[in-house]
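Shared chain: chain A. Partners: chain B in the first complex, chain C in the second.
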Partner chain A sequence: MNISRRHLLILLPAAAVAWKYVEAGTPEASPNYQMSEHWWGMLINIPKCIGCGNCVRACATENDVPDGNFRTWVERYHVTDTNLTTPEVISPDGGKEGFPVAQEDAGKYFFVPKMCNHCADSPCTQVCPVGATFISPDGVVLIDQTYCLGCGYCVQACPYGCRYLHPTKHVADKCTLCYHRITKGLTTACCEACPTGARQLADLKNPNDPIHEFLKTHPVQVLKPQMATGAKAYYYGLDGSVR
Partner chain B sequence: MNGLKDAGHLFRFAGLFVVAFLVFLLVRGYVVPKTFGQYGHYRGAAIGEIAQHPVKFAGHQTCEGCHSDIADTKTKGAHAHVNCEACHGALFERLPAPAQPKGNLYERFVALIVPPAPPDAPLLLHADDPATVTPVKPDTLVLCARCHTASAAKPKGFPQVDPAVHMGGVPCETCHNPHSPAMGSDAAASPATGGAK
Partner chain C sequence: MNGVVGFMYPNEYALQWSILIVLYPFITGLVAGAFILASLERVFRVEAVKPTYRLALLTALAFLLDAPLPLQLHLGHPERSPEMYFTPHATSAMAMFGYVYLWYLMAVLVFEIWLDYRRDIVILSQQSKGLLRVIYKIMTLGSNNISERSLRIDDKVGWIVTLIGIPSAFLLHGYVGFIFGSIKANPWWSSPLMPVVFIFSAMVSGVAAVMLLYMVTTRLRKLAIDMRCVDTIAMYLFYIFIIDFSLEMLDLIHRIYEADESFRSLDFMVHTRLLIPHIVIQICLGTLTPLVLLFLTQVVHFPEAVRKRLYVLSGCLALIGIFAMRWNVVIGGQLFSKSFLGYTTYKMEMVSREGLLVAIGLTILPLFFLWALVKLLPPWPEKSLHQVAAGD
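Right after this comes the complex of A and B.
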């Protein structure tokens, strides 16, 4: 093949543009992972939670969550006998180092781990003005932090308070359901670290996932169902006082 | 064609529109990322980028690959379903970040206006290099107390003790093997030894 100087001069810029895309590459998820085969959610078993804070610490370690911000946190509810509307709720440092010892009294206590509900119809993704946050084809609400402007609309829109503005990156940040782990066949860091199995990753598209049997045989609830967010964090044993 | 005799300015104007539209398409083609719109109104490649974040908690299956003796001890006891890293934590070290290439003139100009985020330090996991990244043995007085300190807030069936009364400063592993904590079981009161088989 003969290439004249003229042709070479025409080809070079085209090759330069092409090379830019070769260098950039296309990041691939795990080779054996098919997004279309999964629909992720979470099962949270409140009677099993002991408020140890393992999940909060594990999440912070795994995802470099800055101090004072939380992708997951644990709240302790104290409900007196007759008063469901104004429970006493504490979450010291997100429950990261556990909770103060509670004394027996007339009320009841329980722990509520909270995290992104990975809503199928999430308000947070709908308000993003630039398309930086979205629900992935496998049902995980994610943020493209290279695209996020840090306007904070999504932080306001989340009815569950699951988002925050990263103090040094100045972009929105939230639970990714450990997307870098679940696409490799691992469970999330919070589930891995939970000593009592109070949190279980659930693949709602996998017919063999024990979540289906659990949902069939147990009463479960999502947070703020009246918001019609399509929340996929299913709570077992959720008390009416939890908001 | 008399009707179009004085319409030259309209054609010039239409031409301007066409040129402006072509310029718009050209600029749009350059600034909109290639994978934007692949799955929806977002950059499709972001999913792959997020999936590439480094894993720190190796997962109990990884631990059990080498520490099968501990896994055997655990299956007999009350801590059978407590994963290794629930107590031992994620065992990894951060390596020094590699020097970033300076980039071309344009990239350096952009970096002046928008300073890029510092690159993530590469990680070395205990599972990848057990000789270099060595675990610290957890202090059972702190570790066990996190879950087992008695509190009215905890579920009633969960084993709880008042640390001051129960052991009075004696480390828990003196009597209990953390991997199989029941006293009197064959594994109890033996030191919680580790080490890969």
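Right after this comes the complex of A and C.
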């Protein structure tokens, strides 16, 4: 086949554009996803959590979370009758590998999974100087890491300790509620890995979501309600000692 | 985990804001304080402090040029910092920084210095030679009219700029306090008093710094220190210091009496990790001691030599105290967990980008800026422009 100079000049840019897509990988299509039709949150059923750490490991694998930082973690509380307000709390390596056997019989033990609360009035998005972190129309707090300055102001502003500065990217990082999954109709990695169903992704705008029935019939609470952040991680069975 | 006591959320072990962020409010405080001292002469006609007027302006400029450097070095992506100007986030206190900084630098400080020095610059651009001549020519901005009428206009405009500059200086440093005070997640910071405390502590540090610089430079130039000037500055320093200390104590007493959910945690910190920097260095050494010394200078008629020594000692201690205050706010506010169940430790590095050596360098750098500014725009009234043009 003879290729003229004119054809070559047309083909080369086209090939360059095509190569860019090959390099980037073909993005997964989610043509039916409408952000305005969803309002995401999470239901966490504390009595169901067994502290196995599956969720922490699944999150770390799915999202390439750097060692020593956590997008989700599990805490174990030990509350005794004589000390209801200052519990003994541990979270060795974020509970990734489970917990040591409890030594003491006195009081109660329970596990509390933690993650970004995807607050509707989030203090972290409020303080970002360039708006690199924002609330998506479907209620997920996200970070544009190509835009983040890495100033750490959002880390300071989060009352729940959910954010960190990524040690190699030098930008803020946190739970995205597995946005790349939930927009494809999947659940989050942590929910999928939980063997007891202690975590359930909730779509508050979907009338068929079981969250509505649950919220009607169960008392739920959010962490640090006094912060008035509009947290959307709803806890069932939350003890008053939990911070 | 090494250095951690009790329970911290797992992402809290390492501090996000280092000594560079301590340095930033300290430096901007010096800027604001130095400017306020300059305004005493210009706006409030306190003639006694006139010998420090130009020095205070140049000091403010030297430190203001240095102020953004610790922030830049701290950022994970400093190359993206211009985005704060181009796409500022309206709800962010930090986003205001760029604008407040530029406003203060260009519209207030540089403009006022230019107006004040314009006559000198024009004369120097005619008398100097070589590169200096070119520099002064550029600095005239093409305005060579130094007629009586023109200088009178300069003076009037300069007065207005200083008048605008006072609230601007308050804004510059008040906003720094607001950055911390508006963080509801952190009870050590979250206080409406924070911007006011920052402003008054800024005035203390800036006034003390200019007083010390005036005394040191006059000594280096082998001239007599104008005691009426330093006595007046010390008097103002004493009064501002009282207000600053009262505000800080009000905040502390309020916290102790209210004893909210964070109190046990903060109380533990003040008695352990912050005992030395907060109680010993900030309150005892850096506040009460200079206050007592300054009080003595107000009520006892010490000989001149004793007063000089007391002023130098008080000034140095005040600067140490204000630096400790910045340290206790920035570092202290990150040493406890937001769960109020644990405490971490700040491990300062030596030679990293946010290490001690860089911090020392950034603290000294404004003195070089000041040296260059003084060479270019001598603030000494007794030095003739002919000497300056000749490079003496």
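Worth a mention:
The rule is simple: the second predicted complex is superposed on the first by the 212 of 243 C-alpha atoms of A that agree within 3 Å, B and C clash if a C-alpha of one lies under 4 Å from a C-alpha of the other, contacts with A are read in each partner's own complex, and residues count from 1 in each chain.
Definition applied: contacts are C-beta pairs under 8 Å (C-beta built on N, C-alpha and C of every residue); 3 or more make two chains touch, one makes a residue touch a chain.
Note that the structure is a prediction, hence the values are computed from the model and not measured.
Superposition of the two complexes onto chain A shows chain B and chain C fitting side by side, with no clash. Residue contacts after overlaying the shared chain place A:F70 against chain C, while chain B stays out of touching range.
In the superposed model, A:V222 lies in contact with neither chain B nor chain C. Which of chain B and chain C touches more residues of chain A is settled by the count: it is B. After overlaying the two complexes on the shared chain, residue contacts for A:A120 are found with neither chain B nor chain C.
After overlaying the two complexes on the shared chain, residue contacts for A:Y147 are found with chain B and with chain C alike.
Judged by the touch definition given at the top, the superposed model places A:G131 against both chain B and chain C. In the composite built from the two structures, the nearest CA pair linking chain B and chain C is 6 Å apart.
Residues 131, 147, 169 of chain A lie in contact with chain B in one complex and with chain C in the other. For chain C in complex with chain A, the residues that touch the partner chain are 7-13, 16-17, 71, 74-78, 80-81, 83-84, 87-89, 91-95, 97, 179, 182-186, 264, 334, 337-341. By the touch criterion stated above, chain B contacts chain A in their complex at residues 33-36, 39-43, 45-57, 59-60, 79, 81-83, 85-87, 89-90, 117, 120, 146-147, 149-155, 158. Residues 68-70, 73, 75, 86-91, 93-94, 114, 123, 126-131, 147-153, 155-165, 169-171, 227, 243 of chain A are the ones that touch chain C when the two sit in their complex.
Put simply, chain A touches chain B in their complex at residues 21, 26-30, 33, 35, 47-54, 57-58, 61-64, 76, 78, 98-99, 101-105, 109-111, 131-134, 136-137, 142, 144, 146-147, 168-169, 176, 179-181, 183-184, 186-187, 189, 192-197.
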